[in-house]
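Going in written order, the chains are labelled A, B and C, and every chain counts its residues from 1.
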Amino acid sequence: MAFGIAEATESAKARLSPDRLFPAEASTRSVARSLYQAVSKLPIVSPHGHTDPRWYAENDPFPDPARLFIVPDHYVFRLLHSQGIDLSDLGVPRADDGWTETDSRTIWHLFAENYHLFRATPSRLWLEHAFEEVFGWTRRLCAENADEAYDHIAACLAKPQFRPRALFERFNIEVIATTESPLDDLCWHRAIRESDWNGKVVTAYRPDNVVDPDFEGFTQNVEKLGELAGEDTLGWQGYLNAHRQRRAFFKSLGATSTDHGHPSAHTENLSAAEADGLFQRALKGTCTPADAERFRGHMLTEMARMSLDDDLVLQIHPGSFRNHSSPVLNAYGRDKGFDIPKQTTYVDALKPLLDAVGEEKNLGIILFTLDETAYSRELAPLAGVYPALKLGPAWWFHDSPEGMLRFREMTTETAGFHNTVGFNDDTRAFCSIPARHDVARRVDCAYLASLVTSGRLDEDEAYEVAIDLAYRLAKQAYRL
Amino acid sequence: MAFGIAEATESAKARLSPDRLFPAEASTRSVARSLYQAVSKLPIVSPHGHTDPRWYAENDPFPDPARLFIVPDHYVFRLLHSQGIDLSDLGVPRADDGWTETDSRTIWHLFAENYHLFRATPSRLWLEHAFEEVFGWTRRLCAENADEAYDHIAACLAKPQFRPRALFERFNIEVIATTESPLDDLCWHRAIRESDWNGKVVTAYRPDNVVDPDFEGFTQNVEKLGELAGEDTLGWQGYLNAHRQRRAFFKSLGATSTDHGHPSAHTENLSAAEADGLFQRALKGTCTPADAERFRGHMLTEMARMSLDDDLVLQIHPGSFRNHSSPVLNAYGRDKGFDIPKQTTYVDALKPLLDAVGEEKNLGIILFTLDETAYSRELAPLAGVYPALKLGPAWWFHDSPEGMLRFREMTTETAGFHNTVGFNDDTRAFCSIPARHDVARRVDCAYLASLVTSGRLDEDEAYEVAIDLAYRLAKQAYRL
Amino acid sequence: MAFGIAEATESAKARLSPDRLFPAEASTRSVARSLYQAVSKLPIVSPHGHTDPRWYAENDPFPDPARLFIVPDHYVFRLLHSQGIDLSDLGVPRADDGWTETDSRTIWHLFAENYHLFRATPSRLWLEHAFEEVFGWTRRLCAENADEAYDHIAACLAKPQFRPRALFERFNIEVIATTESPLDDLCWHRAIRESDWNGKVVTAYRPDNVVDPDFEGFTQNVEKLGELAGEDTLGWQGYLNAHRQRRAFFKSLGATSTDHGHPSAHTENLSAAEADGLFQRALKGTCTPADAERFRGHMLTEMARMSLDDDLVLQIHPGSFRNHSSPVLNAYGRDKGFDIPKQTTYVDALKPLLDAVGEEKNLGIILFTLDETAYSRELAPLAGVYPALKLGPAWWFHDSPEGMLRFREMTTETAGFHNTVGFNDDTRAFCSIPARHDVARRVDCAYLASLVTSGRLDEDEAYEVAIDLAYRLAKQAYRL
């Protein structure tokens, strides 16, 4: 991906190897390189992520380098913290009244001094791709050049060609999805639509805060849902109707999917009376942890039934123990790098859902996991037989070269390529988007090349599959 | 494996790479190729599988290409179904009164049009090996050449040299085991023995239907077992005696092994009174799921004790959630591609069995798993110390190039090679047998070559091990 | 590592490949070789192991080859036993009155005749490294040369340069830690200190026998602890004080760490009253298995709190089912190769400990696992955010080329290198120490080389990391 670096910076020798992430063996590398050339410039389809629609609506400049690359990126600050650096020294906002650093240059220096900690991590790949390809800065960051890097990037950010819409276009993003709650008024999405800008930004329906009885403020959230939808959401049918209405509203602003971040993959298929009973206890705050689990599980089946009507694709992101450290949660709030994967099983958990809708060939359910042991044992066998099921790509901690390779090696033989859905960047770090797609494309081309040189795939087919994985499958699976 | 292709078909350029599945790096590939040359033509020992003994007894022609390759092969039709193709359009027989396609050419076309779905799957490797090596058809299947392929294979099937016994000989099968229930009269095995044909086909004792209280018709099955054995199987000792007699009968028709497909690896070592109590509840249909689990678990220990007397090797195939989709089970019946692996643990589960018989050096217990996480964590450490235990090869979904490589990489360092038992094709797809053994031999040679070029194994030893893995260990472990 | 072989033996052609364990591909191998040259001669830092301090104190010759390499090494005798060789034929001491072989040459012959069983195991790598590099014997062991090998090694062992202190120096051991119970008087450590020898041998505090209510003789052990510490250990505060005193005593003899071998990673953070209640039940032998689990779990948190005061690093080695075979335990006693890994989870288990002390940046907690599935799912994410946590290296069954490579591939991308602690040889087999460190250094260099040739790490950084992994991180993490 060449972004007209010369425009952004003085000419400089590239640091990024053009053959990075390709196999070392010459014949395989050669095939990988050719496959990559066929996909490297394809438009980016980003069907699931967490960028802020306000960026595209307002098109204001991004702030300084520290607030772009460090303060909001839990991948970055968690690894620095793991080596004893206080989150407050990294400018991470606090939930209590404690001090946090506000000088961006100071934060940047701390980052630069500890840049060696990122060796061999995907964050390093993403950062260096952004430094070089987005900003044209090609030295390896360290304490000595921290100011130079800071000044260079800050100067870029002040220019119009580094505003969100310009970068969106430079990144060749064909479509990007954001993620909003049913309680969101989608004002920024409406503003984008009403603007004269043609970038395609769509929302996705993420109802955890009105579906999970354990979510903070659940009952008030359900009440607010009722107000927004004009339904009595304190009754079971009104609650379901409110979902239907908000889904329709989201769909009117481009949504093609829903998304569900549950502690487990547990599903249920309850009678209306049972579901209503759980719902009433949830509203009163009297449901047990097991009740909450069953209610969330049943709502996945309800959501799948709604998807049969409105065609929204249903994504399940299970298995994260959120906010593992109580002291950090109290001091800094949610989403501070302390979300830890748990063992997750799918076979028993999904049976109620799959008995209800698994054979529906027009339904799309996309399963994710943070437990790689499920790839070959449960997920590939399930996706390899149920028409409604597909596998989301390697997720979160596993969205890395080794993680993506393990995903392919452990799912393809049983599920094939067509039960997978291409790549998700799943990020709020806008400048990492081209890097993340580039890493995925390179790893997939490396994998395909190894199939070719070991006689498992014809080379002409490998080109087709490379394009499927980089572009077509995401469009198809997410109906974009 | 060259089968005199010229006889079967016009000459054609081979599609299969002679170096397929070998490492790409030249020096390692060269070692792999040499090792493979030493084992590629060794006879096939197939100690566990599901071919139909009637084929060998009657030696009738196989039916048409669709009924040979698609309709009976759950690997093939499940993957097509996963992409929304109805099982009934693939001719899969139904358990209800619904329609299913009966025109084989129509089924074959649907398969050919969707052949791309099999890219990078082991089914593709097996199919293309059979197309080319068995039938001499060397083009890549697609909609355009579907008729040509169909006609070519159909014409072959009409010839005497494609009948079961001729193929058995062409495949260089030294011995093959089938799998029958204790209720089977083994008439086809007797017919083979009484014929003038010398192919070695043996049975194996698979008593799930008279050991598992959850099996459909358990009580009637136990009664029928009693009739066949001339024992009162409604009493505990008579039930055990009936097993002893049927095992002896199976042994008289060549059986060297028993096989047990349980939901888990749970074992028990109960007193006769406890076991009888569970058995009586099982016969009455009053046992709980936990009772059934204990009874099955205890029967493994009883079977192992009988093995001490009659030398039959005991195979345990645990951990499959059978017939996961209730709607599909209702419409199509069992074994329709909806058997999904579950998490399976062995350490606590096997302790009662191993405390009872694990130190018996003349006993052979062969453990399988569908949960690859057990390879390095539990199975290799157990097999690496208990004299009675050996590890079955990578099974079912894991019987693939990547799966077999993971098996070697995760078991060899702890258990060595001699606690493994060579390859099982475990198939009912007769024409895939040479392909499956060929894939296993290639993957093992690739693995051994990597040990040689990384200085972990001397090259002369690698030849010995290659022959062990391809031939000798299976004969020894299964006492064939 | 060249040990002046000529002195020890006649000149002989080396068997060990100088490039062993390096990637086969030429450019990657070349990088690996260069990296290895930079670390191969670094001193050995051995922060966790089980050698006998008496060896260094008395400096007596090691006994014969069988008693050096076979009788005490559970890696060796368990694999021989798994193929039906009686432990008693291998000279393994018994707990009952049964016979065991005492003729070392006979034992050695049995080993040599079955040497092929070790193909592709790490034991083979360690043995051959010791044979060649320590003893200068360079043939592949077999029945025919068994006597020659025996005589050669026995002759070496009689020489002064093969006594423990001379080997310690030849092995270039900068520091080695042993492991003792709080009830040990550390007389050999004192003798080493009081001698004129300057080798650095330190102890480590392993209190399982006074912390685990299920440990044989727990109550008496706690009483003895009280006597040694001059505290009333039948009361909760006296018990804690006794730990503090023994830790101080251990620290005075060089200890920088404690070590905890628990059945699981379960932790608790109980009130003093609750903890005392469990402790009193434990002393009376009335605690349930769940009580014992909670008590052990709470003691980890108490130990961590003491570490905040005395700076000892806390190691947790969970997840081994000890002495799995009851018949073997009865006949031969503990530690006879029947310790089998179990599924081990960390996320819920460690929360009480981590909520209490996980944010302490001056605390060092080193986590190990025998369940490789936890690497990428739980351990790397936990170590990648909590300042107090680091990951111990691949342990026990996984301390092998494939196991160490999986460790790097599954932890580095999320936790980086600096949340790991270098290598532990963790052995009681003294002559295997250089071999084990050499294997680890080679595997790490191979891994780093693959990062370099795939553009994920700059070559100059790879040299720094190689030295970190081989030397610096162990010194830092263990404060040596």
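Basically, contacts are C-beta pairs under 8 Å (C-beta built on N, C-alpha and C of every residue); 3 or more make two chains touch, one makes a residue touch a chain.
In this text the structure is predicted, and so the values were computed from the model without any measurement.
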item	value
Chain copies touching (chain A, chain B) - same or different residues, decided at half shared	different
Turn needed to bring chain A onto chain C - CA fit, degrees, nearest 5	120
Whole-Å separation of chain centres (CA-atom averages), chain A against chain B	40
Junction residues of chain C - those touching two or more other chains	23, 25, 373
Contact set on chain B toward chain C in their complex	23, 25, 27-28, 345, 347-348, 351, 354-355, 358-359, 361, 373, 376-378, 380-387, 389, 409-410, 412-419, 450-451, 453-458, 461, 464-465
Interfacial residue positions of chain C with respect to chain B in the complex	16-17, 19-25, 78-79, 81-84, 116-122, 124-125, 140, 321, 324-328, 337-343, 370-373, 397-398, 400-403
